[in-house]
């Protein structure tokens, strides 16, 4: 059973992580370039920057989904220790860097460098998905940092199996980048939407901890 | 009736949204350009950038008003589900992008591209207003995520009717951009002030939930 | 007496304001330019940018002091209304803009434009101090949004008299800019330190609200 | 014993500090440059920027460790006063500036200016470690702002001795910069990992305050 101090501890990790997620998702806008074409018509120039908008959208939805899942994962993690803080820090490192590959893919998607750019982009998402799994595996292995009921219920195994999909799916997107870069980006978007949609499997499974 | 877990859930959505609002409103300052005119007098150069200041002011007040209304809307929404989180995410997407059209209108308001720039600006605000209505309509339709008293009181319909004004008003500003761009920007400022001013109609209507 | 809903209300204004203060104070670092002098020695180039560092320091301490005072002011304000939110929004507008005059004074302090730059800088701080007083005067006039004990104790008048110093002092710094710009900046630094130092007068006066 | 008002006070300092830490750690990404090499292959250009990535990693881990320690330090500090707020403000000043030396070391690590760049980088970390010690020494000296049990337990002295290592270690990194800049950066990374790893000495010592 988790004491008050433990819950306060995870609350602070959550609050700090929420802050990092919120800032990273908002900083993405700084990568949207405004073209400087004083005499020429503005609209065609803006439309030519479509890779910026697609990259923005995919990265935004990706960080949002990661936040939703992070938040939900920490409804099951009720204790904290040093290793969890470090693994969570690794995950946050991954999230804060997202604007960087976003800029890369936006700049190079319509150039001969598009495969490298898309591979870096999808590869980075794959890495983040791995970090996410590390946090969960560390916390849930043997029910280490879960509540007693969660540890006993077998829910952890269901979640573990589900989360494992992430790295695999993003690895496919990574490989796809070398075949056709836009398809890799499109798969990223599809994955974000897919991970956004269904999550009802857990709600009936057990009452949430209050 | 909402349980503790539900309230905690909406509290986290609110906190994350608040963070995004606070960051987006503060990032606007990065769009204010300092002119580089070492020998020439600084003041005339600064004054020539008046579109920057007007665009800053309008966007700041717009995000502030959106925050006030978002915050107030979530005093009535007491439960959360997956769809609400996604619709709210769509609204946040709209808010985080605001610095981008702000930069566009600041750069192009005194150029031949002013109509396109102002149309993008007002059009984006219109889209945000639509997203805002989607969140509210989803949450309030049939009292889905409201408290029992709110669902019964008929207040939801009053609010729904009021919120509907937003997209319509910003659509007028969007159309106005093609006639005369500065007028569109001026209407945006007026709308922000108008939405800021009156809201007393609800306070006497019923006691707030505590 | 303030009800729970009111206290929750001011808590959210405080949290949002805290976010804006924290972001604005951290964004200042983006104004620190790194000189690009690959072959030439780096250190002299860095030292030549001393106006950047002075401006950074003054703005940082200014925002920090404003945060401390804002935070302390809201220990006395226990109710909120629409007008308070707008006046507080005006104050936040002032705070978020601070990186802009900071960049101006950093760029132009060692140029012939130094007086205009320093006047804009001190003038903006004067404006913020006025906004701060507006928030306080609105909330404290007749004890409008204070707790019953604060309204009765006469403490409000003591605070009002004290806060009034701010605009006056920054107006002197504003005037000084036209005589000698560095002196204006130095006065800004002195004022920040002065406002940082003494505030013990209130602690013995009455128990804080809990 | 600390009253409720005092705890609320330190809670707000913590929340504000958390915000600043979260923003500073996320802003680091803006220093990662995307090379503009449209026709040439992208990957070699990206790899040439390895000092950016090393500097990013070291600064990220440094701020993360400082956050963990700050957070942990404030589990022992249960009262606040004006001086603590100012010393903590000094520490936050140090943290917010971190992106600046990070950019310097990233830009100049593979140039003849590498020693100056690395010395500024390590020297700044040394300064932050000193500020951190000032906060702790002020709060713990004579148990001034600690809880009664902490003041009595002798734990404060153990912590004081441990924290003292920080400035000394970073001073060595500072000196090392003049001998060989990359070694100084490597030591920084080692220190961050070292400070991240062990901290179990306190957990058995006493129950944490709840």
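All chains are identified by letter, namely A, B, C and D, in their written order; residue positions are counted from 1 within each chain.
Here is the rule we go by: a contact is a pair of C-beta atoms (placed from the backbone, for glycine too) under 8 Å apart; a residue touches a chain by one contact, two chains touch by 3 or more.
Here the structure is a predicted model, which is why all the values come from computation and not from measurement.
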{"item": "Turning angle required so that chain B lies on chain C, C-alpha fit (0 to 180°, nearest 5)", "value": "90"}
{"item": "Shared interface numbering between chain D and chain C [over half = same, under half = different]", "value": "different"}
{"item": "Distance from the mean Cα position of chain D to that of chain A, given in whole angstrom", "value": "26"}
{"item": "Inter-centroid spacing, chain D versus chain B (mean Cα positions, whole Å)", "value": "37"}
{"item": "Chain B: positions in contact with at least two other chains", "value": "15, 19, 23, 27, 30"}
{"item": "Contacting chain pairs - touch in the sense defined above", "value": "A-B, A-D, B-C, C-D"}
{"item": "Contact footprint of chain B on chain A as seen in their complex", "value": "15, 18-19, 21-23, 25-30, 32, 34, 36-39, 41-43, 46, 56-57, 60-61, 64, 67-68, 71, 196-197, 199-200, 208-210"}
{"item": "Parts of chain B lying in touch with chain A, wherever the complex brings them together", "value": "3-5, 8, 12, 15-16, 19-20, 23-24, 27, 30, 82, 85-86, 89, 92-93, 96-100, 103-104, 107-108, 111-113, 116-117, 120"}
